């Protein structure tokens, strides 16, 4: 049925909410990447994190098996270094096979309050093949 | 006036909120698919659900009559099997005619709190014709 | 600098929240269309409303002057007939000149709670010229 | 790896929430632009603000260094004049190099309530080169 998605995705509006309230992990604050790999090949997605006042950091590796979805909290991206809390950042994701990427934030800084926001990431339609 | 939309749509960020609070059905937690079929033909939309640790399940069938909209809670997709609560999933929708798909989540896990988030699904512009 | 936007936009996920709480009009529940017309020509945007169980209704007329933005609550679309509350609907907007359309919902069904969600509408890139 | 993004981005649904509650600046109400510049060139992004009943105002200048992200509250755009609170507006951003733009609103008009909504801005894919 042909590939679904794109090989490059961008999220400019990252900012992990801090502090957090409520029981972990369901009500902790987070930014999340949701990656769907509908292909029959494993997608080793490589992520670079862009900051306001420092050079980009990466690649972070998010492996997504063939025909699988993976939801990763940005808070859990720790190698090569933890993405910092309460600081603006942006993300560029590159995959060897087409995938689709959605972004979600859960904000629980106020006790007893859950705020959600999200958007499809921006796909780069004309992206050339990207290697490892 | 020509067809409106695309034949393939993708939602990577599914996760039905659980548990739920407040009176049913208005304040139950849900993920929802909103499909608009502006064509003069019935759209038998076929949905596959992708998981983190199991093969995709489907097709689920969502019939949308000509010139109609249909809003379906993912919680109500039960054939061939119920989409599981509180578990990451993604969706690929395929329609024989162009449609437009929007995704909405209502989260009422905390009593007295309503959180909403949503996004247009990702359209696959170059998708070839898909049959039943 | 060339036209900005598209001539056809689609919103499948309409549903005006009902009932509403809090002081009007700031805290009433609403679905809203936000139309930006960056051209030097007036845009008489024509809207058709799609329902679950009835034929589409329209056109509703939303005039947007040259170089202006207009935010219209769907609750206020009353000619040819009021868009019904608490009922699923979808929208197709057609403009004689390129515009950009964003969708916003404010849900205040629970007293003391404000929930927001929104998305860019879906643009129809290949739409042919549409007349009045 | 090739440029990422587009040179023109549009946000029709601006409206800075007013009044605001809670401690500044974390819980003030705001509309925010999040710009990612993954290129090796500085992006002097120029913004025009469109209103309901007045000519567009601008350009506002948002410089984004090479390989950096920048999150700017619309409340802080004051030159050539402050963007007015509690009033509908739209935005057109133009960059000399490809960037990606996301829009976020934080609404804290009700004490103890945080509502978030956002969306990727609308990219203008066929935009010609724009100069300063």
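Each chain gets a letter, A, B, C and D, in the order it is written, and its residues are counted from 1.
By definition in this document, a contact is a pair of C-beta atoms (placed from the backbone, for glycine too) under 8 Å apart; a residue touches a chain by one contact, two chains touch by 3 or more.
Here the structure is a predicted model, which means the values were calculated and not measured.
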Over half shared or under half: which fits the residue numbers at the contact of copies chain A and chain B, same or different? different
Fit chain B onto chain C over the CA trace and report the rotation angle, somewhere between 0 and 180 degrees, nearest 5. 90
Between chain A and chain D, what is the gap in Å from one C-alpha centre to the other? 21
Give me the residue numbers in chain D that touch at least two other chains, ranges are fine. 112-113, 115-120, 125
Give the list of chain B residues in touch with chain A in this complex. 8, 10-15, 50-53, 55-56, 88-90, 92, 94, 105, 107, 109-110, 112-113, 115-122, 124-128, 130
Which residues of chain B touch chain C in the complex? 1-2, 4-5, 22, 26-27, 32, 34-36, 38, 67-71, 99-104, 112-120, 123, 125
